[in-house]
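In the two complexes that follow, chain A is the common piece, with chain B as its partner first and chain C second.
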Partner chain A sequence: MSDAPTTDGEQSGALAGVREDLAGLDGYRVALYAAVLGLTAFYLTPIESGLVTAFKTNPEGVSSTLPFAPPPGEFFTLEKWETAVQALGRGMVNSALYAVPATVISALLGSFAAYGLTQADWRARYKAPILAMFVAAIFIPYQAVLVPLSQFWGSVPLAEVLTPLWVAGVPRAYTGVIELIVTHVAYGIPICMVLFRGYYTTVSEEMIEAARLDGATFARVYRRIVFPISTPMFAVVLIYQFTQIWNDLLFALILVSTESSPAAPVVLILAGLGESQEGQDFALRMAGAFVAALPTLIVYVLFGDEFAEGVAS
Partner chain B sequence: MARLELDDVRKVFTDDDGSDIVAVDDVSVDIADGEFLVLVGPSGCGKSTTLRMIAGLESVSGGDIRLGGRSIVNKKPQNRDIAMVFQSYALYPHMTTRQNMSFGLEESTDLSDEEIAERVENAADLLSIPELLDRKPGELSGGQQQRVALGRAIVREPEVFLMDEPLSNLDAKLRSQMRTELQRIQEDLDTTTVYVTHDQTEAMTMGDRIAVLDGGELQQAGTPLECYHRPANRFVAGFIGEPSMNFFDMDVEGDRLVGDRFEYALTDEQATAVANAGTVTLGIRPEDIAVTVGSEATADNEFPTVVDVVEPMGNENAVYLGFEADPTNPFVATVGGMRQLDADERVVARFPADAIHLFDGATGEALHNRALDEGAEVEPRV
Partner chain C sequence: MRDILSSTRTRLRRALRGGDSDDDAVTDDGRVATDGGTAAGGAAGAAGTGGLLDRLDERIGEDFTESAVFWLPPFLLMGLFVYGAIAWNFVISLTDYQGFVGPDYSDLDFEMYVRAANDAGVIEATVNTFLLVVSFTAVALAFGLVLAILVDRDIRFENTFRTIYLLPMSLSFVVTAQFWLWMYNFNNGVVNILLGTVGIGPINWIGNSQIVLWAVVFALVWQFSGYTMVVYLAGLRAIPREHFEAARVDGASTLKMYWRVIVPQLKGSTISAAIVLMVFALKAFDFLYSLVSGYRPPNGTDILATKMVREAYSVNNWAYASAIAIILFLMALSIIGPYLYYQYSKGEL
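Let's turn to the complex of A and B:
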């Protein structure tokens, strides 16, 4: 904190500045800073505890130290991280196989839909019911669609259609990955559409008209004007969708179901990681959680600047 | 380059409750090849809607729009060969000036990259913005963005330019500068232009002809001076000219007009013109009122008045005068900037017989317009 008092050794100018700062401190300010500090600690403690636990031996290190204390020398180990990476590695690849395409496709389709519902030249009275359906779709709970979803995929001969893949040597279990892509795209479009729509309604109508008068067709206007200026919104939607899809356990459980499947996503493997007859390996579970969360963090870092711009707009 | 004809063009908007709103009511104007037509009127008069129908951004409810003799009503905006300059400039924010100006040529023509670059550079020279070509709109001032928006229209070399209040976001000094420059460019390129504005000064100074709209109806189309000196009706007379023409409601009694505050003696010609009207509106422009110091009216059509407020403009003073008998609702007269008049001073105002306009009290139609000197130029300049 910059308001902390400095020592006597400081220059007199700095001292005067500090005195001025302290003079401005009233009870309200003190309480405010205390509350901010308290909240920060409240939110950071579990993450910090998880992080230090992941470097401890199990069960000795975990049971003989305080949860949030760093591991002392004799209990420090990197072994849990190695185990976690080994166990989760194939799951990370499988998750990426459906999370990346599903994220990109749902964002693109959501953007198309929003463009059509905002800038296309048709009557508001026809737009309204379609928009209402999109909005309603956001609020359908995933739990309510699990049974119809599995029945639907049971009735679709997807595995037969994909025969060339199996002939090429891909395990048949990867049908589940394709199913996950389609399902996540379908359930992701409504929220993506609504996010993009909010952005496109603020786009200058005159600019779109100018582009049309400049000779661009409706599709060209999207390609050359609307798509490039939606980058900040794409960052928001990509981060949001990727995190949702990567972390989703429910659909993965229904469509792929077992962690032993070659197509098991990281969430399924993580659920069973460190569980055994002898008890729970907390250190391994913590390391696994951090490894599984890493891609979502990377996405945040990659699109962070655009994300901030998109949220602000 | 082509001639643009609006033939009984009509626009009806249907409200949500099913009621119809007529925004543009059977407007017909012929715009000659290379002509600069200004559509002018108060806000909500339908001038922007008319422009948007020409552009194809609004559908036409009735009538026809022809460009070079061929109807364009059913053509899409991108196929009309029309370029438009918007009030908000509507530049593409993610593109540089060069890309903004190239966009239309890339989308609407088969020109090679070199030809496009050449045309963009020529247009940039014409507008003196070659140093801005590699900047994005966000880094440009309002006046510079305005030039880029113009440049984007110019490079297209379209049949028609449409301009929707392009100068209204500029400050006053820059606006008058751009006004002159726009006129110069239009004259150089000789492209048919329709220019929409609510500002009667822009209409008067820029147009070859002006078309005055009110309530969706065309009131008059004519040269600026025609509209100024020979207004077709009371609306045009009041809209064109700053300060506005003074109006007085009067009853016709033989060769005299009788109002609440004064009586006016008509010439024989004027009396004949108003013979069939029960009531008329007498109109006189502020600069035509002769103001002399004194308190006694010595002749017909002179009225003793009291100065209410004086607004000095430098070159002239706008003087608000109240009739001595009833000083409410003062009227305005302009006198030379060097003349010293003070509030509450008593002066005599004379309404010269050859300067008055007479409008029908019921319909507002002009019954008699002011006399003009021989050779006064009111005919089209084109």
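Let's turn to the complex of A and C:
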């Protein structure tokens, strides 16, 4: 790699337009684009291979075609998608039932906590340990809390408290959904708090100070100033949290435990899909994987920038 | 919700002050004399003249009690579920709790830790955990750095490429495990077919206990290197343009420039990305569980996270599982502890 082409490349980026594009197409730029496209293939191959396989008949189509080739006419079928939607449909509803409330509540609580710990005027010496506990909680391996968590939910008389629901015809297994909401909120607060805190430290202090001098209470400042300007950060946090909670298997496995439960989340059902005595039905597994991933994929395609911002901080 | 909280606070204050309203300047004569003059923050509109809450405010900062309404409830909920549960988990690990009869807290000892130290399965899982965490973190960091540098070279459609590289991270471990099971399939998987064209294999990626761990690391790098790229990109963008220019004027080649001038400035990004990657690796349970749809991961990939869950939920050795969980927690703590201290010493906490 010599100096001259590099300089060319730099210039072509600094100025924009067609002329530079042509001028910049030297050996260095060609190699650069080849690398970038090669990596694109690397990242998309597992997904592409899964997608085409989901449209193939099993086992004939799956075993007699190349894994990344689209299904030829005689092996094409939509049957696997139908089966996957049938198997995962109720799981999708169950996942949404806890993922949406847990996302909203943990984002709100995280925003409260971040506001109380950044804009409030009290000594950093006392704040630091509390902040440290929030930050450390993000990194806790959940295995360290699983047994107490089972004990705790085993001893809480949730089923009795929720009797009206069962009378109304909701299956009793849905206590698991309530447990999942509370659990995901509790373990989601730390990351939400840290994301909001990064944002609130950049908020202009003069504005808030001025409001306080005008006699606004701490709570009023939040309601009138901080909450409204938090909207972009709420987008980031909600998207990040929704993806995390929807994708999580561990808590679902521990609190709902079997995929045959009426309250089983989609990830739990997917983990056991396409497994049978005759061997693995990969076409069905791939179709199931896409169905289960659909909500997060949609969120990612629509809000990719917010997602990137969420993971970066 | 906030209204309820704030009225609760007002009521709490009243109760503590013996019935005075929030804005009253004068309370009992004694209090006016003792701390009336020193009550912090007249402007805050909450300048009480006495009571426990005001004394707290005075000592810790004027907004302490007012802001507590905001941070204390989330803090308590999180604290109970995280730190309360870890403490409880530690106590359970000292009992002999197993099966379906509840734990007996009267007989506490470290027997489970002795048992873990002598269990070949735990030692193997610890080694695997260590190998997974170190190799995955190192490779994902290096790979992500390369991605970030490539994407940062003023390429066209930069956003599209970035979106594609980050895409796997938006997927669940359960979903990516399905993809990689198919990729690694012995007869029909993409990996073996590609290697077959250059005359290698076929290789039994999942079934061979010598290589399956590396196959898992590769899949995890695929899923998370996009994350490292995003962190490094943010780091690269924060470096002043002149540093790139200065290196070029000195006549350094591009590679040298990155190695000598740019990479050292990415220390902060490297540290925070490494911490997050290590934690992802410790959480690889979901991926390994989904590979086999069961508690027993492929031979050669048993890590502490899978071993712990299996001991607890498959054979109901609750106390033993808790002890393994504490070992895992200590491993995580040995990573997070120094990181938190580093953040604190930089004044970012």
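Methods note: the second predicted complex is superposed on the first by the 269 of 313 C-alpha atoms of A that agree within 3 Å, B and C clash if a C-alpha of one lies under 4 Å from a C-alpha of the other, contacts with A are read in each partner's own complex, and residues count from 1 in each chain.
To be clear about the criterion, a residue touches a chain if its C-beta (ideal position, glycine included) is under 8 Å from a C-beta of that chain, and two chains touch if they have at least 3 such contacts.
This one's a predicted model, so the numbers in the text were calculated from it and none came from an experiment.
Within the superposed three-chain model, A:E206 lies in touch with chain B and out of touch with chain C [touch as defined at top]. In the superposition on chain A, A:G116 makes contact with chain C only, while chain B stays out of contact range.
Taking chain B and chain C in turn and counting the residues of chain A each one touches, the greater count comes from C.
By the touch criterion stated above, A:T40 is placed in contact with chain C alone, chain B being left untouched. Of the two partner chains placed by the overlay, only chain B lies in contact with A:I225; chain C stays clear of it.
When both complexes are overlaid on chain A, the residue A:F76 reaches neither chain B nor chain C. Of the two partner chains placed by superposition, chain B and chain C are both touched by A:G215. Within the superposed three-chain model, A:I140 lies in touch with chain C and out of touch with chain B [touch as defined at top]. Residues 212-213, 215-217 of chain A lie in contact with chain B in one complex and with chain C in the other. Chain A makes touch with chain C in their complex at residues 1-3, 6-7, 9-10, 12-14, 21, 32-33, 35-36, 39-40, 42-47, 49-50, 53, 62-63, 66-68, 108-110, 112-117, 119-123, 126, 128, 130-152, 183, 185-187, 189-190, 193, 212-213, 215-219, 222-223, 243, 246-250, 253-254, 257, 267, 270-272, 275, 280, 282, 285-286, 288-289, 292-293, 296-297, 299-300, 304, 307-308, 311-312.
Note for the complex: chain A touches chain B at residues 125, 204, 206-207, 209-217, 220, 224-225, 228-229. Interface of chain B with chain A (complex): residues 16, 55-57, 76-80, 82-84, 86-88, 90-94, 103-104, 107-109, 152, 156. For chain C in complex with chain A, the residues that touch the partner chain are 1-2, 5-6, 41, 43-46, 57, 60-64, 66-75, 77-86, 88-89, 92, 103, 147, 150-151, 153-156, 161-183, 185, 187-190, 193, 222, 226-227, 230-231, 233-234, 248, 251, 253-255, 275, 279, 282-283, 285-286, 289-290, 293, 304-305, 308-309, 312-313, 318, 321-322, 324-326, 328-329, 332, 335-336, 340, 343-344, 349.
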